[in-house]
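Please find the structures below.
Across the two complexes that follow, chain A remains constant while its partner is chain B and subsequently chain C.
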Partner chain A sequence: MKKLSFIALFSFIAILIYSFAPADGGDRLLGVWEPSNGRARVKIEKIGSKYFGKIVWLKEPIDPVTKQPKTDKNNPDPSMQKTPLKGYRMLKDFVYDGNNEWSGGTIYDALNGSTYSCVIKMTNENTLNIRGYIGVSALGRTDIWKRVVVKK
Partner chain B sequence: MIHPRISGLFLIGFITLSVQCFGQVSEQDSSEIIQEEEDYSIYDNVEFSAEGVKRFCSPKIEGLSPAKLISFGYDYQFGYQISADTLNTMQSSTAFNLAPQDAQLLRSHGMRMGFNIPVISQTNLVWQLGANYWEQRYDFKDPGSLQNPLLKSLSDHGLRTAGISTTVFKPLDEKNFILFQGSADYSGNYSLKSMMPLTYLKYSAALIYGKRPTELKQWGVGLARTYRVGEINYIPIVLFNWTDHANKWGTEILFPARAHVRRTINSRNMLFAGYELEGQSYRMWNSSSVDGYDMRNDELEIRRGEIRLRMVYEFAVKDFVWMSIQAGYRINYRFDMDRLIGGQENYRAFGLIDDTPPYVMLNRLTNPLYLNISINLVSP
Partner chain C sequence: MKNIAIIAFGLFILGACSSADKTSKFRLENIEFIYNGPLYEGSNAAQYIAKIDLKEILGSDYEEGVEIDEAALKKAYVEIEEPQGCKDISAFVLSLAADNPDLEMRELAVVNPIKSFGGKIKLKPSTSADATAYFAEKSVYVVLDASFVNDIDANVLVKGTFEFELKY
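After this line comes the complex of A and B, so read on.
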């Protein structure tokens, strides 16, 4: 009986530790980032244990043809083509692997409506290497994103 | 019978675990949320966290057709006539006047493969390495009647090119960039059993200084060393890629190598109309003996240059796999033979240099329709 009590207590403590553990180093990814071309700003948030990034600013927010806010018109899914780009979740499902790397996610390129596998590497607290690729990492392209902060 | 306190611990543990598991389900659902209420205007006025951040221009502009990482294709020219001249001004003791000959080709065709892999692909530097293999086979209507050494050699061995290339894109800042392309091509009528020495590699290069004033336009000027019209040339080049605001029309131009007008049906379907200059200098390494004469002894190269007027349709088959179908008219620019001793070039500068030796064999080709189809893995 004592043995069973010990196992139960140990399990309970382990579960408590797992449930209420403080945020790990992965949360350093949170914040607003600007891709190298300066055309957009992306806010990375954490939902559950995964990281997502949505477009919060566009250098050219108005579609020159429709004169309306830009939408995801290149999306191959017609039902998504009227979704506003501002607020669009372009980074999805990243999980922190440790060693300043987040993987398992995807990046969406609104210019051509394609979604690529993606891995994020933080080279310093203000710089991300975002690598989108097809199948294997070698068939990809890396963009460098810089952290921005809202002016007060 | 389990003690009530133990049961209580299990119960609390179970509930805690359930909450955790439920949370994971919720986060999957939340990934589908596209938009949340938020005041985005606060992101209008931001500053970089770090000092000294520099922005760089991208190698692409909006609307440009996707670059091909891997390509497998097939090229087919419909029947045409080739008129091969006699060998003139030959100095070789084995050379003698061979009769000119006209012959009908049923087709010339061959597979084309290309690989272009990014080695460094970063904001401040893009470096790619490539490799390609093209072959051209010549199917004559009556191969048994061929007496001219050039025609017999084409029939027996065809022509092929294998090459390696490198491309470096170096952005200087948000608007200015430098583009370098270099290649080494191994062109001739060699075969796996009879390879040529690397002495006969042909080196091409282009250097462009360019500007990218907007997301919809990039242009540049530069110089190229090229074999696109068959023989070596040094020419000025102009890059001009442009997309209209509606992303319906655009241009993809690297003059004089190629120039196309693009009609974008949508981001996964594009039509092009334009031309490409295509050519190379092919070493006659595998000779077909005609009446005891062996072309190999005279160190001959075919200067092949052609203009391909064409329509191209490129579309996504699935995700990153694109198909390209082109149809057009192949106009012969040059298919003449030069004598290059040890591979040493004759640079004529389009006839501006007087004292270069003349071609040793002048040939004429009629102009057929052609088709080219390829399947491609395109770049992010």
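After this line comes the complex of A and C, so read on.
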């Protein structure tokens, strides 16, 4: 009887600890982030089980030639070149792998209309290493993004 | 004799190609996208989960093991239902996404800028975006991004109708 009570108490405490433990899930990626060049801000959201990042702010939102809000004029699909750049999902389809890493996604460079494979590594709550690459991850470039509203 | 053989071979190839594909339409009609307020200026997303059931889509043409060889968005339009007279949206972008890690999100249609309100707003389907892989999924996320030009302290309801042409 004493043994049963001990097991029940132990299970209750374990459940309690688990419920209040900080989430180690991928949702820590959610929020607004700024690339190192400071030219844009990207809001990372979740659709289904994957993570996507859309441009929510541009330092220079107006196209100097057309005097209109910038569009995705370098999109390789000409029929989609009128897509507004503000709101464009430049990060797509990331899956949380655990160990502070999101992979399987792509990053889009609106300056040349190219899409690269990408892996995201969170080095701390407010810093991301965003590595874009072609083929193998070793052949790529890493940019450091900072969270706009810093978490303490 | 050689010419006849070439013509016969040509006719055979033509016949084989034309009889391989059957065509059907898949229509998502008046599906609701709710943008929950308060909404801030800029792009806001709403989504609808569409079930893909080939048995239902193909009806009497359905056969066990049938696969969609080609799927393309042919028509897309939306209507702003609430609040009435809302003209605070400058653009819509329609995309598909799925939980399948091997399937990437695709933008399928866009309208920017919106030239007239008060009725159906037509989106221009992409000429190259391929939706075929989505029809192998059990469900897909239909994502409608709306670009708001002002902050709005209200919910916005948009209804969308999208028509796909399927070859199988």
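Here are some notes:
As a convention for this text, the second predicted complex is superposed on the first by the 125 of 152 C-alpha atoms of A that agree within 3 Å, B and C clash if a C-alpha of one lies under 4 Å from a C-alpha of the other, contacts with A are read in each partner's own complex, and residues count from 1 in each chain.
The rule is simple: a residue touches a chain if its C-beta (ideal position, glycine included) is under 8 Å from a C-beta of that chain, and two chains touch if they have at least 3 such contacts.
This one's a predicted model, so the numbers in the text were calculated from it and none came from an experiment.
By the touch criterion defined above, A:Phe52 lies against chain B and chain C together after alignment on the C-alpha atoms of chain A.
Shared-chain residue A:Gly87: touches chain B and chain C both. Judged by the number of chain A residues each one touches, B leads among chain B and chain C. When both complexes are overlaid on chain A, the residue A:Leu111 reaches chain B alone and has no touch with chain C. With both structures placed on the common chain, the touch criterion links A:Asn100 to neither chain B nor chain C. When both complexes are aligned on chain A by C-alpha atoms, chain A residues 47-50, 52, 54, 56-57, 83-84, 86-87, 89, 92-93 touch chain B in the first and chain C in the second. By the touch rule above, chain A contacts chain B in their complex via residues 1, 4-5, 8-9, 11-12, 15-16, 18-19, 32, 34, 36-39, 41, 43, 47-50, 52, 54, 56-57, 60, 64-65, 74, 76, 83-84, 86-89, 92-93, 109, 111-114, 116, 124-127, 129, 132-134, 138-144, 146-151. The touching residues of chain C, when paired with chain A in their complex, are 42-43, 45, 47, 90-91, 93, 95, 97-99, 101, 103-105, 107, 110, 112, 124-129, 141, 143, 145, 147. Contacts from chain B toward chain A in the complex involve residues 2-3, 5-6, 9-10, 12-13, 16-17, 19-20, 23-24, 26-28, 30-31, 33-36, 38, 40, 42-50, 53, 55-58, 62-63, 66, 69, 117-118, 121-124, 126, 174, 215, 245-246, 266-268, 319-320, 377, 379-380.
Across the complex, chain A meets chain C through its residues 45, 47-50, 52, 54, 56-57, 69, 71, 77-80, 82-84, 86-87, 89, 92-93, 95, 104, 106.
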